[in-house]
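Notes follow once the structure below has been shown.
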Amino acid sequence: MSIFLDRDTRVLIQGMTGNEGSFWAQHMIELGTQVIAGVTPGKEGELIHDRPIYHSVRRAVRNHDVDAAILFVPPRFTRDAVLEAIDSGIRKIVTIADGIPLHEMVEIRASAKAAGAMVVGGNTSGVISPGEAMMGMFPYWIERVYAPGKIGIMTRSGSLTNEVTAMVVRAGFGVSTLVGVGGDPVPGTRFAEMLPLYEADKKTEALVIIGELGGSMEEEVAVAMQSGICTKPVVAFLGGRTAPKGKRMGHAGAIVSGGKGTVEGKIKALEAAGGRVAGRPSEVGELLRALLEEREA
Amino acid sequence: MKLFEYQAKEVFVQAGIAVPKALLADSVESVAAAAESIGYPCMLKSQMLMGGRGNKGLIPRVSSQAQARSEAQRLFRGEYSIKKILVEEAVDIQQELYLSVTVDPLAAEGVVICSAEGGVEIEQLAVENPEKILTEPFDMVRGLQSFQVKDLSYRLMPSTEATKQIQKVITALYQIFTSYDAELAEINPLFITASGQVIAGDGKLMIDENSMHRQKRFERTRDYYESDMEFEAAQAGIPYLQFDGDISLMCAGAGLTTTVYDLINYEGGSIANYLEFGGPNYRKAYEAMELCLRNDSKVILVVTFGTIARADVMAEGIVDAALRLKADRPIVTCIRGTGEQEAAQTLKAAGFEPMFDTEEAVRKAVALAKGAGRP
Amino acid sequence: MSIFLDRDTRVLIQGMTGNEGSFWAQHMIELGTQVIAGVTPGKEGELIHDRPIYHSVRRAVRNHDVDAAILFVPPRFTRDAVLEAIDSGIRKIVTIADGIPLHEMVEIRASAKAAGAMVVGGNTSGVISPGEAMMGMFPYWIERVYAPGKIGIMTRSGSLTNEVTAMVVRAGFGVSTLVGVGGDPVPGTRFAEMLPLYEADKKTEALVIIGELGGSMEEEVAVAMQSGICTKPVVAFLGGRTAPKGKRMGHAGAIVSGGKGTVEGKIKALEAAGGRVAGRPSEVGELLRALLEEREA
Amino acid sequence: MKLFEYQAKEVFVQAGIAVPKALLADSVESVAAAAESIGYPCMLKSQMLMGGRGNKGLIPRVSSQAQARSEAQRLFRGEYSIKKILVEEAVDIQQELYLSVTVDPLAAEGVVICSAEGGVEIEQLAVENPEKILTEPFDMVRGLQSFQVKDLSYRLMPSTEATKQIQKVITALYQIFTSYDAELAEINPLFITASGQVIAGDGKLMIDENSMHRQKRFERTRDYYESDMEFEAAQAGIPYLQFDGDISLMCAGAGLTTTVYDLINYEGGSIANYLEFGGPNYRKAYEAMELCLRNDSKVILVVTFGTIARADVMAEGIVDAALRLKADRPIVTCIRGTGEQEAAQTLKAAGFEPMFDTEEAVRKAVALAKGAGRP
């Protein structure tokens, strides 16, 4: 098992005929993902990787059962494409676009919530359940990183995810589902909103969160742990411990503001809730092992 | 994109928000002339993007031309490389409010924030007396409603002559927030003058970087950057921050670069520059290394773990750049991800040692930086 | 009993300090309506007819239990005032304003529906339960028109309402609750949406609807009658039977368009559903009596 | 407010919708000159607000200057008192579509309506082949979304070169609908030309009367009215329609006036004019009666049942107006509502017979009209 997507998830790809969409569609299929159809206005009737293309999501869902959609759509058209998917009743949406205007991301999130849909992203590599299915862009072919297993991973980063996940796998673990919630200040889905899914997933035995300075998503995980929403062991790796205040390092999520969102505050909150926080990527594996052994004992 | 105070105030004026009489000056002479025109006392407001100007002594109040000249000289020649000074009338202040419109990222909605006790201590007030900070969340599709503005104004102030003016200022600031795709539109302090006028004492406007395609009004000139290097890096589209340590970072991805930054600090090393080479920039090895080499650093540390940013392409880029730029210092390479085997071969063939463990690579870079004399 | 409002309904008046608001507040109180408080920005602390005025609806509802609000607010500010009432949790709203911009009325109705609120109006005299309470502007002091009784009346008109109601009373009946849904093309509440309230009201024995050419509200009543939502006898009076096509007589609701909304079509629909349609105001009473006698027999 | 075709097309052009080459003319001479400039064949499109111009022969196609002159003469001198003619190039049409944006009053939302079979028969098509009419409802707060426009365009047409143009036209028409507070924005027919261009063949734009305060662009000139009387009544704010019967109505409220109109017809009478005197106009007895007296009517029938429009004030107004205007025909008064007792006394004192039953009053007016010779 896994969360959000598995072998049975029927996936629609919006923007499938573009270079990126077509390239990653191929990889999604190779990993075993059920890619059902694609959408590109004006291209209905074409086939990409033997999958039919439709002018619109409505036309696609009229012909196919669709469980989820992934968008390979430029950031300034993302809002429209997400609203289109929601309008057609799709309730799991991944948008990888990096650079979605903030005000539009707010609208996307509000619309998704109102419709009971979950939008993962933007500015993310997507979601992968190694060995089963992928909606996104992960180097699943590097086995020392994307080995199947029992650890759920949530991340705000890209390259750092490969780094930390490699350490988890090197320590002898594998990944159930990895969800990149993305690095934007307003993500479609927050860490804490994924927790009930992981909690219900029998395969996932423990969680790793890859966070960073700024925002409050790590603190929200701590709250969920203390209120019993998340009872599985949690290990976090947080980047930016030594970042100078006021300097803007990396994306907008990483602004330290008003005493909130500091790495120190996040560590304190997570540890108070029973989690462990790794200082270095290489420590994540040991901390996982220690927490899991404590549980068994 | 954060605007300078004088730019934010131009936007305010267009939206109908009153600001103090002011003139922009870029030399001691023009400051003196502006001060004469504005009259004394007046404020010399250093135009810089960093906060806390007042506490740093960068907003002196002057009462004569001589004082204006000497203070202007001090500011232009000071450590903050100030390029422009806004010479502004000293307003007869009765009360200082705080007002801003921004996005609440957790609730994913807009929010107007205000307080009857504005000014420089607002962050402290927020911690110590949070009940004095008033908020009014709003739906960003439907927009801030007139009734919300009215209710907020009466929460902020008893009904006075100023209340209706404040409603207009809130509405105008909200409209700026919307039409400029702002992350933040802030007035702190918002003055109420002795004669009951409501005037923006300062202005902060941060435009969402992701919306710049529809916000072409502001050119990102050299003034926006703290150093020439940061400006040039930005022109090349490369995220870059200047520090003054020993190790030049040339890493991929914000998260990984920040992590390497941390690891160097843990190991007792120091950073010369933060540089993100990856994502859309993964073919820009030459430009990135050129920036690093202009630093007085001792080692260049390359750490990547790319998916689309292919390791083999980046390795070739590093080898090529080092050769063409005649790199004069050690380069530690830890290039992983898609194509990492080919990358390792390329690096080995060129005499580099391909590493696969970030922490080992960091330790090596720190050791090299400590051991190395200047070549 | 009565529908929408009765002696116990606690009413807030938005725009109470204006000439119109103050004048009708006095009459509402005289008739027995529980007018609790008023709202006029900038006038908090004043008293009108001994009722306190607040700057905003929020401030009023913080101090008083409010069941319903009536707006004496100019048409161009009506949208904001209705949204304000909805925002404060008020679920019964009457807006008498004549001239609400169409696009704003659409927004008002959509917002009300989303919040589960009922907005009656605009372009209406309001709602009256004779002898009990009034939210609006009716000459209740003319007893030959506004006598209490067992007939529910719904109307799109103003002066015509007095005319027809006088005929109902002359025939020996009285009025349970009269609801003016208003003459605008998009009213806040449609005839058919009031029917469940009348159906549940034990006092109301029969219904009179005062309609006119244009729109489809009368046809919707016919549908409700046929589907069993409305089982009480219905008599309609419809103006505009002889109106020339294409001429715009009176307000925008009265445009005959595309074969729909003709008086003939409305008569046909209502009669097919078991209703009766009066040709003249004076016939309404006889038809009511006939229908009620049929029922008893 | 319904705009003329030429005005709607001006709005279209500003919004980026293509229209045929055209010139507006207001005399036979200027029509001839315009036709020469446009070239032959061209269309002489009578500018009038009533529909069905084509079937009435009011859009002749002309092939020479002589024909242009003779047709222009016919149109300007015809029964429809045409003031302006739009001289328009004859477009080489491949297909005629229908497109409009309006409010669905029942659903209380916006709706785009279109059909691949536009032109004059659209109402008939709607009845006979409703499946050929496509609709796309939209949320008026959030607005019509780009994905909706695209989906609709592909429902309307197979993917052709014209499809993207149609998307732009739909978007532009929606923006007109919104920014002009339109009740209806319609293009029928929307031409697709032989060369694949998408061009508005006609234009209908109805602006919501209740939004005119923010739509000051169009002045309501005499051209908008069918008669001088209707124009003057509108200037005075009095709803007025001209007929040619015997009884001048001077009633209060649209519903009651329409009912009286019906009752007169039932009784075999005929109406000279429909006039609403009531609501905000209840103090305008003088202006209202003046309009009625200018008609060739035999009786004036006053029927009111007002609440705010006080009966006593209206009765005084009627008495005063009849005196000052030296009313030359019988006036039947049935003035009820607030202050009706005082009204009755006022009327009696002035020699009028105050009535209380509308149907009786109507019967009396009809009898008077039938019995009366011209005084």
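Note that the chains take the letters A, B, C and D in the order they are written out, and that residue 1 is the start of every chain.
The rule is short, and it goes like this: contacts are C-beta pairs under 8 Å (C-beta built on N, C-alpha and C of every residue); 3 or more make two chains touch, one makes a residue touch a chain.
Computed from a predicted structure; not experimentally measured.
J.: Does C-D or B-C have the larger number of C-beta pairs in contact?
T.: C-D
J.: For chain B versus chain C, what separation do you get between their C-alpha means, in angstrom?
T.: Result: the chain centres lie 57 Å from each other.
J.: So what's the Cα centroid distance for chain A and chain B, whole Å?
T.: Result: the chain centres lie 28 Å from each other.
J.: I need the residues of chain D touching at least two other chains; which ones are they?
T.: Those would be 141.
J.: Please set out, as single numbers or ranges, the residues of chain C touching at least two other chains.
T.: As it turns out, chain C has no residue touching two or more other chains.
J.: Make each chain a node and each touching pair an edge, then name the shape: line, ring, star, complete, other.
T.: other
J.: If you look only at chain D, which of its residues touch chain B in the complex?
T.: 141-142
J.: Under the stated contact criterion, what part of chain C meets chain B in this complex?
T.: Result: residues 41-42, 44, 55-59, 77, 80-81, 83-84, 87 of chain C touch chain B.
J.: Touching chain A in the complex: which residues of chain B?
T.: 50-51, 103, 105-106, 108-110, 123, 126-127, 139-141, 178, 181, 183, 208-211, 213, 239, 241, 251-259, 261-263, 265-266, 274, 276, 278-279, 304-309, 336-338, 340, 357-359
J.: Could you list, by residue number, the parts of chain B that touch chain C in their complex?
T.: Interface residues on the chain B side: 145-148, 150-151, 154, 159, 163-164.
J.: Could you pull out which chain A residues touch chain B in their complex?
T.: 75-76, 98-103, 105-107, 109-110, 113, 125, 137-139, 141-142, 155-163, 166, 183, 185-186, 190, 210, 212-213, 215-216, 220, 239-243, 246-252, 254, 258-259, 279-282
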